[in-house]
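The structure under discussion appears below in the form of structure tokens.
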Amino acid sequence: MVTSDIYKKEYDVIVVGGGATGAGTARDCALRGLSVLLVERNDYSTGATGRNHGLMHSGARYAVTDGESASECISENMILRRIARHCVEETDGLFITLPEDDLQYQQTFIEACQRAGIRADRIDPAEARRIEPAVNPDLIGAVRVPDASIDPFRLTVANLLDARLHGAETLNYHEVEGVMINQGRVEGLKLLNKHNGEHVEVRGRVVVNAAGIWGQRIAQMAGVGISMFPARGALLIFGHRVNNMVINRCRKPANADILVPDDTVCVIGTTSDRIPIETVDDMRVTREEVDVLLKEGVKIAPSLATTRIIRAYAGVRPLVASDDDPSGRSISRGIVCLDHAKRDGLEGFITITGGKMMTYRLMGEIATNAVCAKLGNTAPCVTASQPLPGSEGDGADERDAATRRYSFGQRAAIGRHGSLAARIEKDNDIDNALVCECEGVTVGEIKYAVRQLHVHNLVNLRRRTRVGMGTCQGKLCSCRAASLLGELNHDVKGAQEDLAAFLDERWKGMRPVAWGDTLREAQLTASIYEGLCGLDQAVSLEGKEDMQ
Amino acid sequence: MRMDTVIMGGGLSGLTCGIALAKRGQRVAIVASGQSTLLFNGGSMELLGNIDGQAVTVPLEAIATLPQDHPYSKIGASRIGQLAQEAQSLLADAGIEMDGNADRNHWRITPMGVAKPAWLTLNDHVRIDDLSQLPAKRVALMCIRGYFDQPNAMLAQGLRGLGFEVEMKEFTTDDITALRRSPSEMRATSLAKHLVSNSALQRVADQLNSLAGDVDMVLMPSVLGQNDTTDIHNLQALVKKPLYLVATLPPAVAGMRMQAQLRHYFRMLGGTYLMGDSAVSGTIDGERVTSISTAKLTDMPLRADHYVLATGSFVSRGLVADYERVYEPVLGVDVNADADRERWTRFGVLEPQAYCRYGVATDDQLRCLKQGKVIENLHAIGSVLSGHDAVKMGDGTGVSLLTALAVAHSIKGDK
Amino acid sequence: MAERMQICNLSENNFEQCTKCSICTTVCPVAAVTTDYPGPKQAGPDGERYRMKDPAYFDKTLKLCLNCKRCEVACPSGVHIADIIQQARMRATEGHRASLRDTLLANTDLLGTVANLVAPVANATLGLSPTKLVMDSVMAIDKHRTFPAYSRQKFTTWFKRHAAQGQDAYAHHVSYFHGCYVNYNFPKLGQDLVKLMNAMGYCVHLLDKEQCCGVALIANGLYKQARRQGRTNIDSIRKSVTRDNRVVLTTSSSCTFNMRDEYPVMLDIDNADVKDSITLATRFIYRLVDEGKVKLIFKQDYKRRMAYHTACHMQRMGWQLYSILLMRMIPGLDLVELEQECCGISGTYGFKKENYERSQAIGSALFKSIEEARVEAVATDCETCKWQIEMSTGLPVENPISVLADALDVEATMKANGVVVSF
């Protein structure tokens, strides 16, 4: 459907927010037969969805402090293994006790896990060292739990793909400017199309506010108040996987106590700082955050001290004050679903927030249930059993292909797209050519992403394919990919600006850790793109940040 | 092992200095830890391209205005013209055929079609002397099918912006198509290895001739001539229109060739080039370096009267930044760098970055300092020097060449 | 220590010191001749990140790597690219059985022992066309290859009969790791070394026990056997160094490189305490001359024009310098230093039928430059380069030690060094 038709239509439901929760809600609504429009002000998964550990909690982390969240986690954990196989790596996790920690806590922890239904096996420290050689060898206790790693970008895209397969429409780079209300009922949204600066309107019978931390602003536009408490967390990405299992500290949750193997890298995090809501768009990592993460990370896996850090990033958790306590002292980490008709007397407006990236499906289910109740839809929720696109079947064919027949790029693509990798063109040598050599991204995969996965710029492309996510952070591949994108979109000038914006986005993450090999890398990139190519003369970066 | 001069670093500055000294009869050893940043060079040398973002037209005049800590100022602005001529003839002696002069910058065309000020450009690469008088009106831009290290559309757009009429044509030959079977190795340097035989060049020429149409000039990516310029000249002879090359993304064939030519020339002059070895430490006795140890010669250190530090910037590991400081790793000589890590860099990838100006501290004869004291027989040349930002100023290759020659003169005691 | 490392945070993971500059790809001789090989960057540091994620990312084409180490020499970041590739191969193939052909080729000493016993027959048989055809079709050893001739008498036999007794007569002592090639194929090189060392006043001794260094075993995936032999060698070398205070000299660059640099990396054999005492004879002699401890006097009438080819492993060690500088001391020798190109043989690689064409294609640039140099002979420190260059150019190829020994004026040298033999 062309965009202008979307503006004319009236939908059953409009979902605001292209993170995992919004995507999951849109999918659920679409699967229950509703007509759905999802709007996102930037790219999909640019908020907290794409700015966390990529950890698929077993729930063990919350077992002691928040049994309800823990139960939700383990149940969603098991569901995601089935429905999102291609986004999940079943690594398992360790909760380790270090000499400075209280070993007594371990027993409390195991009992809490058992209460929440989480398998938690105490293992010998020697066994822990054997199954995860990267672990701090000084550990005095270890518990094995079914943690896993999950790729939030892929997860979100798979949900969007399925939503679209079932009739949903999606608009990215459309920012909400206002909520249209008529006689106490929300009727639609005023949007800014950021591609062309046009102001447009979209109509729907119910609006679901799934905008994460930005949901407070959306609610404000609808004239209702929600108290959000932005909790900022910074993380560091290391150049390769030092660990193959998730490693947590077995103690009360604190700074930098989880190390997660994600695809080709590993991630330590997070810090946790309450920040003013006005600053939630500034995600630059500070020197202090880097220092804390390094200092604590080394305690989990000593080899992190001598592993290259390729970048730093930060995200904001959308924590919500419990409704009966507007002061914010009692903050829930659980899922919060507000029907503003009941709460504020505003019909057709639902807010779904709180929760975690990995409980996105449950959040979608809860929100969709609320929508359905309003619209009189009685279709059951099937998202817990129906696999996402890419995760159909048992994956045996892909595994076979992965180990035998295919090239590096093709194998890497199967790892990223699961069964959907079959749609990537690979019939000629040019489609098989590698654009990103670090991550094995081929021309064919880029074409597929541009045509099927809503890619407008290089940063979008990176989130869909891992282009430029390797150790060099886009040395040669960003130029290759920019050219290709310019060709596919027939916009050369745009491609050049996009290239500069992409390099800037990469630098944003590299700069806080710019020493050692990462600084060398940066200097080489500067000498290629500025010195050799003169990119700085060809484009200006001013005012380009919004499109990320 | 006894030498007259030991040079640490085998890139443009190290080789230039080594050649200048070997020519004068010195026994010179160059310790080269791998290939150099010349392999990222697009076929031009730059004396001074920009000051405060403004293109420089007359480099010698602009150099006279540079601050005191710039390497050119240390050499002495009045000597630059003379040294530049000397550098040009040294390059020519090594077989590197470049055009240009230090009195007036010309424009080189970058892989993205940007015109950047340059001093010397390989005479088979496209260049513009005067932007108001283009060397051609209609240009055929020949793009190689399946070759991705040339952003063709950006290049064409840039050329059009300069006033050329550009027709983009895509071509391939059997040799090129065969090479594309490799998903990763279709690089400029790989093409250069395959486009060597007369028949392979003829196939390229046939394509260019049939596609070019009625144009004044044919451009193609610089993917020819890995060892010498024979292949380029052969192709130029086979193509009916004037054929010029455009720089590609690295590794660059032209840079690889220049590196090889300089190394070959240095060896011919009797120089000793220790490829793939690196200086790891040295001994300093009072105000003099007495020996340099390398990774491979281990317990047989190199001894010489003079030592030259030509180890490059961070990217070449001539400077090292760790979590808390910037240092020079071989001899631990003084560096000019901010102590606070927060000041090394700033957000905004295209902003000037402070670390680009970091380098070793020297006196006005380019001699290194250690704890503030001059080391009499240790000079620094090229990118390891502080006081200039090669990325923003476009003076990297010029500083390498000219500081190398200035130091060679002072080692030989010239006035 | 941990505290300090944390503060510096400089990577100790060699493969991630790669800045993806791609310079290694410009020097790879294999990628230059076949698109089947993904090149050193992809096979090395790029692939390694994926193999760490999942070993199934191992790519069989990695066996096309010659292990020539040219990528490592070119790398401006000091990444041990070829080591990464070889170790990945080892992880992926350890425990697999090598083919009969590979086992035969790899066991250079076993092959040698048998062949020595029947040298005249072996030489004739290995040279015969029908035999070659059988080897070509059944064994997949390329028919173009000429097996190096086997000597009737092993070097060790000669040494025990003719040289051993006199060796206590000199003032200084060294040990000699002769290697399979000297022992079975070309004892003259060993004899040349003894002649040279003796003339300088140095006694030469054999090690307590020497086995094949295992370079071919590693290349053919016979890691267990290589490890066993490696340990035996290092034990013997250690005895020579610590018990007898004798440095261990070698004349083969491949054996030397293997024992010094590959043992710890590929076979996990700790040689740190003796590594510096394993040295090519040319390096040892150069040092003596450089330090003024010995003098070499060469024949007045010696006149020859030769080219020096730097073997890949020699270049990786960075020691070609010593061979070149020593040969340059010979007044009558006009030495042309060739550009460093791979000859393509890489030990047993080029003997395999499937590699033959690639092997010759790789070497073609070198053969051309040798032809253009217009020399009478070629010098190189590697025996397999010698076979390859002899087969491909028809020129004789000699080890620098033999060149020095031939040019040496023995009596004058002995006199100059004050060598008095007291039997």
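Here the chain labels run A, B and C in written order, and each chain numbers its own residues starting at 1.
Heads up, the rule we're going with is that a residue touches a chain if its C-beta (ideal position, glycine included) is under 8 Å from a C-beta of that chain, and two chains touch if they have at least 3 such contacts.
Just so it is clear, the model here is predicted, and its values are computed rather than measured.
Q: Chain with the smallest distance from its CA centroid to the overall CA centroid?
A: Answer by centroid distance: B.
Q: Out of every possible chain pairing, name the one holding the most C-beta contact pairs.
A: Ranked by C-beta contact count, first place goes to A-B.
Q: Just give me the whole-number Å value for how far the CA centre of chain B lies from that of chain C.
A: Those two chain centres are 35 Å apart.
Q: How many angstrom lie between the centres of chain A and chain C, each centre taken as the mean Cα position?
A: 53
Q: Roughly how many whole angstrom separate the Cα centroids of chain A and chain B?
A: The mean C-alpha positions of chain A and chain B differ by 42 Å.
Q: Could you check chain A for residues that touch two or more other chains and list them?
A: 294, 408, 434, 437, 476, 515-516, 520, 524
Q: Note the residues in chain B that touch 2 or more other chains, in rising order.
A: Residues 37, 40, 181, 183-184, 250, 315, 317, 320, 322-323 of chain B each touch two or more of the other chains.
Q: Can you list every residue of chain C that touches 2 or more other chains, as numbers and ranges?
A: 9-10, 19, 21-22, 38, 41-42, 77 - these are the residues of chain C that touch more than one other chain.
Q: Could you pull out which chain B residues touch chain A in their complex?
A: 37, 40-42, 110-116, 145-146, 148-149, 151-154, 156-158, 177, 180-181, 183-184, 186, 247, 249-250, 313-315, 317, 320-323, 341-342, 344-350, 353, 355-356, 390-392, 394, 396
Q: What does chain B use to touch chain C in their complex?
A: The contact residues of chain B facing chain C are 1-2, 33-37, 39-40, 178-179, 181-185, 187, 189-190, 193, 250-251, 256, 264, 267, 272, 274-278, 294-300, 315-317, 320, 322-324.
Q: Report the residues of chain C in contact with chain B in the complex, numbered from low to high.
A: That would be residues 7-10, 19, 21-23, 25-27, 31-32, 35-39, 41-42, 72-78, 276, 283, 287, 290, 315-319, 321, 325, 337, 339-340 of chain C.
Q: In their shared complex, at which residues does chain A touch chain B?
A: Answer in residue numbers: 284, 287, 294, 407-409, 429-430, 432-435, 437, 442-443, 476, 479-480, 482-484, 486-487, 492-493, 495-496, 500, 503-504, 506-508, 511, 514-516, 519-520, 522-524, 526-528, 530-538, 541.
Q: Which of the residues in chain C end up touching chain A in this complex?
A: On the chain C side, the touching residues are 2, 5-6, 9-13, 15-22, 38, 41-42, 46-50, 52-54, 56-57, 59, 77.
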